[in-house]
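Step one of this worksheet: look at the structure below.
Chains here go by letter, A, B, C, D, E and F, matching the order in which they are written, and residues are numbered from 1 within each.
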């Protein structure tokens, strides 16, 4: 697949804005392994989707967190909890999102999510919610 | 289970605000069948969760729509697409939410969701997105 | 695949016990289309699993109903709601199982399940829960 | 959210009955982090749902185990395997529940569940099934 | 979003090859509703993914059918059952894929899938498997 | 349940062919714990399903890998990534299968899968894709 440099660079910019160095490292690992996969992830996931105008980053992280929790995709949740805080979701908004999910996908998934929220908040020294 | 009238009535108020008569009819069917189930749905789902302050109705419908699409719970999607429009999500924001979900749960679920979005918009005479 | 007549016949007996003619018709459709699939379904699903001693039919329908609701496999739910009633689950136990599931997989799936419970109870003339 | 002390205390009692100190510790962690979440979990999950009369604890753990396995919510499975044993499910009934699930959600999820069953049985010194 | 005409046209070609007019009609409906969504679906789903060299169409339909069945995305299954036949999967291979899925996601999803396989084969006058 | 020695031994042969000693060890653990479960797994999963003629091992591993990724059953993915390589799927075919899945179940599950692909390739000294 020929890369689309414009979309790829846009994606890298978005990732930098949202998560800084850790995010770029995660992509870099995929980039070294199989560039086309990193291409799709960055160009489509972030260069296309995340930079579309109709929804801002905060709305997009609301959607992403909810989707990850609802499908039980917990490997990616820590990354996006950090991104959500970085783009301006408050700790309280994040916790309340998890509580809202409890009604929509049940308490097990909400508990798994809340455990990760606790871990991320602790790493970031967030003590007030 | 003894009902919690305060939370139940709060839930009815929220439902009325969000979807009006159609929503109340849906609950009424459950209420006639097995009141305790309607109680839980209304008191917990809407009286507790939806009326919590940290997230407004628009944010909550963002979460709900995303959760329904991500878990493939399409029976409830039409109800909440209407609620989302009623609480101020724009048609464009809704369509863009579905597109965002395509990256997070794949195109099949996004296509099923988009078909319902099209149907609801048509019923409501929404022609501009 | 060579059929295992002993297990197959055992499976047919179990199906007959649990759902009678409707159940056998459903299998018959698969049997005419591709016998090996009907074989697996009947021999393994019912001849092996359902006839194992450690759990009785009522416990097994508890497990089956819960699994169908939890994975959103609603095409098979009506069949098993009938089976559950036939093997001695009370209407109340069935409704309460759905309510229990609401806490474990969320209200959307519970609502979809409850709608089918209502339909089956109506077809069977069950008015008291 | 104002707490409902009656339901909360009922939930703590149920948790104590079912899992004793380990269960209360798990809740305590959430309670310290964000009390409202612990409230919902305890009041609704255990104070309301688990204490409803129509199904006994053994039936409820049958439902809970099945739901966790069927949705792949394995983080909570160990907790409930212990609870199931405490409320009177025999080791054999638990193992047979997993086997039944294999037919309903496939062997991968059943294998993941069985591995946890083995671990819990070993921790509890259960050698006879 | 600016469209990528090269990828879009490639996607249309792939769709034409795989499903002909019905497939293009499905896209056309989305195209009229919200062009960007059709763009993503066609450019990414078919222009990029389906035309990558390492896997041929038959392998790709094997993956697609399996993914749809495994996630319970049955709205799109009929479309891809037709595509699978068109790109050279034999009726037997398709039925056997469903049987294989029974072991991996359980019999409920396999039964739902088999019912659709039967319907598609009937529409296409396939009587020999 | 009385074992079906013919199917069981066939299943052991298949496992031996596909994964050698590691696969047999995994089964052995289950065999020691609860023989009936190992029986089902080996006899049905491998003795019946995997040895059916219409699809070869390579096609079957394509289905299995896709099903595991699509349902998020990542505990079994490493085992089958090894099996896939052993039965002749090329590293490139495997990586491209994951990319194809990204479009069908979203990037989160694809990323989790790709991380495991990277780990398995590293363990096996695969440097060229």
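As a convention for this text, contacts are C-beta pairs under 8 Å (C-beta built on N, C-alpha and C of every residue); 3 or more make two chains touch, one makes a residue touch a chain.
Please read all numbers here as calculations on a predicted model, not as lab measurements.
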item	value
Chain F and chain E - chains in contact with each	A, B, C, D
Matching chain pair for D-F (criterion: over half of the contact pairs shared, by residue number), options E-F, A-F or C-D	A-F
Chain copies touching (chain C, chain E) - same or different residues, decided at half shared	different
Centre-of-Cα separation between chain B and chain A, whole angstrom	24
Separation of chain B from chain E, taking each centre as the mean of its C-alpha atoms, in whole Å	30
Gap in Å, rounded to a whole number, between the CA centres of chain E and chain D	40
Multi-partner residues of chain B (each touching 2 or more other chains)	40, 44-45, 52, 67-68, 71-72, 95, 99, 102-108
Chain contact topology (line, ring, star, complete or other)	complete
Residues of chain B touching chain C in the complex	29-30, 33-34, 36-37, 40-41, 45, 67-68, 71-73, 75-76
In the complex with chain C, residue positions of chain A that touch it	102-108
Contact footprint of chain C on chain F as seen in their complex	1, 4, 40, 44, 48, 52
Of chain D, residues touching chain F in the complex	72, 95, 98-99, 102, 106-112, 114-115, 118, 129
Complex interface listing, chain A residues touching chain B	44-45, 49, 52, 54-55, 59-60, 62-64, 66-71, 90, 92-93, 95-97, 99-105
